[in-house]
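Shared between the two complexes below is chain A, which has chain B as its partner in the first and chain C in the second.
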Partner chain A sequence: MAIILRLAWRNIWRHPRRSGLTIAAIAFAAALLVFMITLQFGSYDMIIDNNLKVLTGHFQVQHLGYLEKPKMRSTITDAQKMAEELRKINGIVDIATRANAFALLASEKRTYGVQVLGVEIMHEAKLSTIPGRIQSGRFLSDDTAQEIIIGDALARNLKVQVGDDLTLLGSGYDGSIAAAVLPIVGIFNTGMPEIDRGLIEIPLTSFQEIFSLEESAHLLVGMAKNLDHLETVLTQVRAKIPDSSLVVLDWNHLNPGLFQLIQADMINSWFMYSCLILIVTFSILNTFLMAVLERTREFGVMLALGTKPLSIGQLIMLETLLLTLLGLGIGLVIGGSVTLYFYVYGFSYPGMEEIGAQFGLIDVITPQLSLFAFMLGPTIIFFFTMIVGLYPALRIRKLKPVDAMKSV
Partner chain B sequence: MNMKQFPVICRHLGKSYQQGKITIPALVDINLEIHKGDFVCFSGPSGSGKTTLLNLIGGLDTPSSGEISLDAQRLDKMNKSALANLRLHKIGFVFQAYNLIPVLSAQENVEFVMQLQGLNSARRAIKARAILKEVGLEGLEKRRPGDLSGGQQQRVAVARAIVSAPSLILADEPTANLDSHTAETLMQLLHTMNEEHGITFLFSTHDKLVMDYSKRLIKLRDGRIQSDETQ
Partner chain C sequence: MKLLIILAWRNLWRYPRRTSIILIAIAIGIWSMLSMSAFIRGMMEQHVNDTISNFVGHISIHAPGYRDDPVIDHSMPQPNEHLLHLLNEKVWAARVRVPAVVSSERETMGVTLLGIAPAQEQALSFIADAVTDGRYLNNVEDKGIILGRKLVERLETGLGKRVVLGSQNHSNEIVERGFRVVGIFDSKTENIETQFVFVGRHIAQKMLQMQDNISELALLSKDRNELENLLQKLRATSPDLDIQTWQTIAPLARVIVNVFEGFLFIWYFVVFIAIAFGLVNTLLMAVFERTREIGLFQALGMKPHWIVGQVLFESLFLLAIGLVVGNLMTWVTLILTAEGLDFSRYAAGYEMAGLSSLIYMVLNMSDILTANMLIIGLGLLASLYPAWRATRYVPVEAITRT
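This part shows the complex of A and B:
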């Protein structure tokens, strides 16, 4: 074993420039993949996180069928008590109760159809970024307060500002007319156009009064401490909800567009990565073949001395392995350093705010520091180069010592 | 007939090459017995079949017809891996040139075969250094082939061939790439090895000077034995 290892190592350095270039190509591809994949995964994490933090949360408890058809009558009875129960589960950041309705909102000059959310003041702030995104005025003060906050686009459309009164007109739980006149106490800006244009929030208890909901609500919105452990949290949540008319839905179900967006982006980038990997693979194949062909005579001598073709195949594979590991090692160090740098300082490029506005407020991406994201690219390169090394190694089996020694 | 006395026996040995539709007879009806401890030279014009014969005896190639045996084992009936095993344990080779593995030092080249045979590293090192000293390369053990002269390289090849005490050493034109003085010292070395270790040597040459060292001179012509003289 010792000699075969020594042989392999020295054979690599027989052509230092050629091997150096091969190592550099592998290192470059590995570094690039490490950086791009960690950044890509990091950006997904952030898109998901930011998007879900605006309003959706990591999961929701709803009445069966509410997602498809949000009917006023599809309620959760004693919603706040159930929320209190769910907050005891380990791994949950918070649960907020929400009631939801569609109504007309009128200023002195104009009227718009809007989505009205009744929110629990104490808990909403931990689940939604809207309370922190108030541009003028303040967030809602108390669950029983008679007040309203609206998005900035809506405020522009209605030509109103903080302090103005708005008239809310809808239909209540029992079919009666729900109407109220509420003062605007705050105007928010989430950066997401459809929310800033079409959503208003009022305190939960006020909502329940206006819409005759009593103790009921429509949604329990939850956030887990770690999105990666959502499934274990959800199992516990489901155990606490015996009522079969209620369902627990994760973000993926609540926001299928987000998942599809990520999938589409994933396919795009993997197409690019595959091209990169293929180019590197073929250039390596070429080098390996050359390295083996020019040593035909040497292999002939080794065969003549009684070396088994299998051992020579092993030697070639060992050379491939060493070359690849060297390249991957260097690539991991470089790619890892670059990744760490951007992990500390954040990564951004021009035009990113635009994308941020569409999908949820990112102006800097932090790469994902996970073993999986780090090792995925290098592992794929490893497999491809080893397969490539197999080809010249297998060619050796056909070599006859007499013929081999004729070549110089 | 005592087989042990004759390490190599050829009976009606023939080898022909197919080149397109033409059959080239490289060896025709060779009958030959080599005595143990012999020092045999094959000579003859180019294309007379010297290399072909040495390759057949060395188990590097298989005959088209006839029988060939080494230490009472029929080579013509062996498969590839059996032949490889036989070469490893019973035959030493010295080729014309570029005999050595370029990335290994002189000593490592000598150790290579012993490693294949499964000797442990301590014994390998001792034997390799001893044999390199014997062929006059003491102090050059760490040199790579590229840093040795042609004659020195052939000495390393001889050392490698001898070190595992084979039944037979085959050398196809070992002096072809050497100047006459170096060639002569190499032949003296081979001769000494033959005398002292009793190893059977078969070699081929074009060189009259090299032929003079042989104990038995076999002349080939058109794939046949033309003459066989013990000197």
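This part shows the complex of A and C:
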């Protein structure tokens, strides 16, 4: 084995320039894939995280059919007690209770239709980024406080500031008119136009009073400690909810666009990666093939001296393997350094901010540092070069010693 | 010269297998460049067209302040005769467009009320052809309302049922009016279905007590490139109005175009580098195995630049054949996808990104030229290295080498 390894090593460096170029080609593809895949996965993590953290959460408990038709009457009775029960489950960061209604919001000058969210002050901060995105004023203070926070675009449209009063007008649970005059205590900016333009939050208890909800609410929003273990958490959550009129939905059901966006992007990216890998594979197939063809005479002599065709095949595969591993190694180092650089400093390009705001990519992308993201590209290249390497190696079996020795 | 070309051509086919392999690499390369750019161009084109037909038009005219604060206070009179003169022969529409609230017996939703002149919208926006249930509005006096399918579901209403529309008038009072649902429209994007409701323009003006005033005027020009000229003329005629092209009204479309163009260019270079490795290596091998032959040429008096020329011609032939094959492959791809690439399985995702999930590939002449020239130009540049290596052989040494 040792001798075959030495032979292979020396054979590679017979043509340092050619081997160097081949290694460079593999390294180039590997480095590029490492960088692009880590960046791609990083941006997915960020899109998922930023989107879910704004409002959706990792999962929600709601009344059957509420997702399609958010009706005032599709409620969860004694929601806060149930939330308290669910918080005991291991693996859950927190659960927040929310109530939801449509209402007219009027300032002195303007009236707009908006989504009103009743939130639990204590728990909302861990589940939603809105409390941390207050631009002026402050977040809601207490579950029973009579106050309101609104998005900055809505504040602009209503021509109001912190301290102004807003009139809320909607219809309550029992069909009665729900009305209240509340002071604005804070204005938030999430960067997502739809939310900044059309959402307001008030304390949950106040919401329940204004809309005659009593102890009911519409949503229990939950966040798991680890998104990868969401399923096990959800099984426990389901076990604690006996009522068959309630459903537990994961983020994928709550926000199908998010997952589909990622899938669609995956298809485009893999089209590009496949093209790149194919081009590089064909480029190096030539090197492998030539390395065998020009040594026909040498192989003839080896065969004549009694070397088995299999051993020569092994030798060639070993050369391929060494070349590929060298290339992948260099590629991993280069790609890894670039990735690390952007991991520290963040990656961004002009125009990204405007486009990204639509789906929650706020300023810079941080590549995902995971073994899987690092190794995926190089592994695929490895398999492709090995398959390509088989072709010249198999040709050895066709060689006849005498004819081979005659060839120039 | 002729000899050089013959030599290069024959050298190419000494090893048909090697030549074919590098040809495949080049062909895949150019194919991937062109299909990628056709795909992205198609996506962008679709996005721009959707933007324009979502009531933006090529040029939009508003009262000053409307774009910041789109309410009834910022409305304007109907176009005067100077403006009308410019609008002559153009497709244009005047609309009332204000925020409103629509309620059925069961639900209430916030929407954008569009008071339209149905005939004017015909060639301008998507709505005229989008009504799939019931009918489109007949004229500006039509007392019916058209809602999006998703909105109808949310409101739990239906064709023939009544809904109440509420909005603000000039004195900040809420004005309401009942409408019968006469039509339901479908759109590629759900947001559009829930955002817009359509009524006759006169009815909207009466309801909002705004006389014959309008919120916006949108127009289409025959040629998108002529816009700047038209914009200047319009602004000169009506200096007191806010007149903008679609690029200002919907800035995102322009940003997307810029980002994708940058991205395409990077992709071109990546593909080129991948090809270059194979090309240079193949040529280096070809030169190396002909060491003796080249030495002999030189001994017989062939000038070094002839040798360079010979290698470059070989490279040029490789590139040209590869490009022809790759372009043909792209052409076939375009024919096969003429019906559009259907990504409707991921429709919700595309919608999040503001794109349509049915994509028609669009190949620009300039993209074809850029990609092909880039590969030929840079390919020849990269081939200079093996060509230069070939001239470095010392004749006597080269001939004696086996």
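Just so it is clear, the second predicted complex is superposed on the first by the 407 of 408 C-alpha atoms of A that agree within 3 Å, B and C clash if a C-alpha of one lies under 4 Å from a C-alpha of the other, contacts with A are read in each partner's own complex, and residues count from 1 in each chain.
We take it that a residue touches a chain if its C-beta (ideal position, glycine included) is under 8 Å from a C-beta of that chain, and two chains touch if they have at least 3 such contacts.
Since the structure is predicted, the reported quantities are computational estimates derived from the model, not experimental observations.
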Q) Looking at the overlay, what does A:K308 touch: chain B (first), chain C (second), both, or neither? A) first
Q.
Quick check for you: in the superposed arrangement, does A:P401 touch first (chain B), second (chain C), both or neither?
A. first
Q | Contacts of A:L64 with chain B and chain C, given as first, second, both or neither | A | neither
Q: Would you check which partner chain A:V181 touches, where first means chain B only, second means chain C only, and both and neither mean what they say?
A: neither
Q. Thinking of the overlay built on chain A, is A:Y112 touched by chain B (first), by chain C (second), by both, or by neither?
A. second
Q: Quick one: name whichever of chain B and chain C touches more residues of chain A.
A: C
Q. After lining up the shared chain so the two structures overlap, which partner does A:T22 touch, if you call chain B first and chain C second: first, second, both or neither?
A. second
Q) So, A:E298: does it touch chain B (first), chain C (second), both, or neither? A) first
Q: Using the superposition described at the top, list the residues of chain A that contact chain B and also contact chain C.
A: none
Q: Please name which positions on chain A make contact with chain B in the complex.
A: 2-3, 6-7, 10-11, 14, 297-298, 301-308, 311, 400-402, 405, 408
**Q.** chain A-touching residues of chain C, taken from the complex the two chains share
**A.** 17-18, 21-22, 24-25, 28-29, 31-32, 36, 39, 68-69, 71, 99-101, 106-111, 153-154, 156, 168, 172, 174, 251-252, 255-256, 258-259, 262, 267, 270-271, 273-275, 277-282, 284-285, 288-289, 343, 345-354, 357
Q.
So in the complex, the part of chain B that touches chain A is made up of which residues?
A. 55, 58, 60-61, 81, 84-89, 93, 95, 98-104, 108, 111-113, 115-116, 121, 160
Q) In the complex formed with chain C, which residues of chain A make contact? A) 15, 17-18, 21-22, 24-25, 28-29, 32, 68-69, 71, 102, 104, 108-114, 156-157, 159, 170-171, 198, 256-265, 267-268, 271-272, 275-276, 278-280, 282-287, 289-290, 294, 349-352, 354-355, 358-359
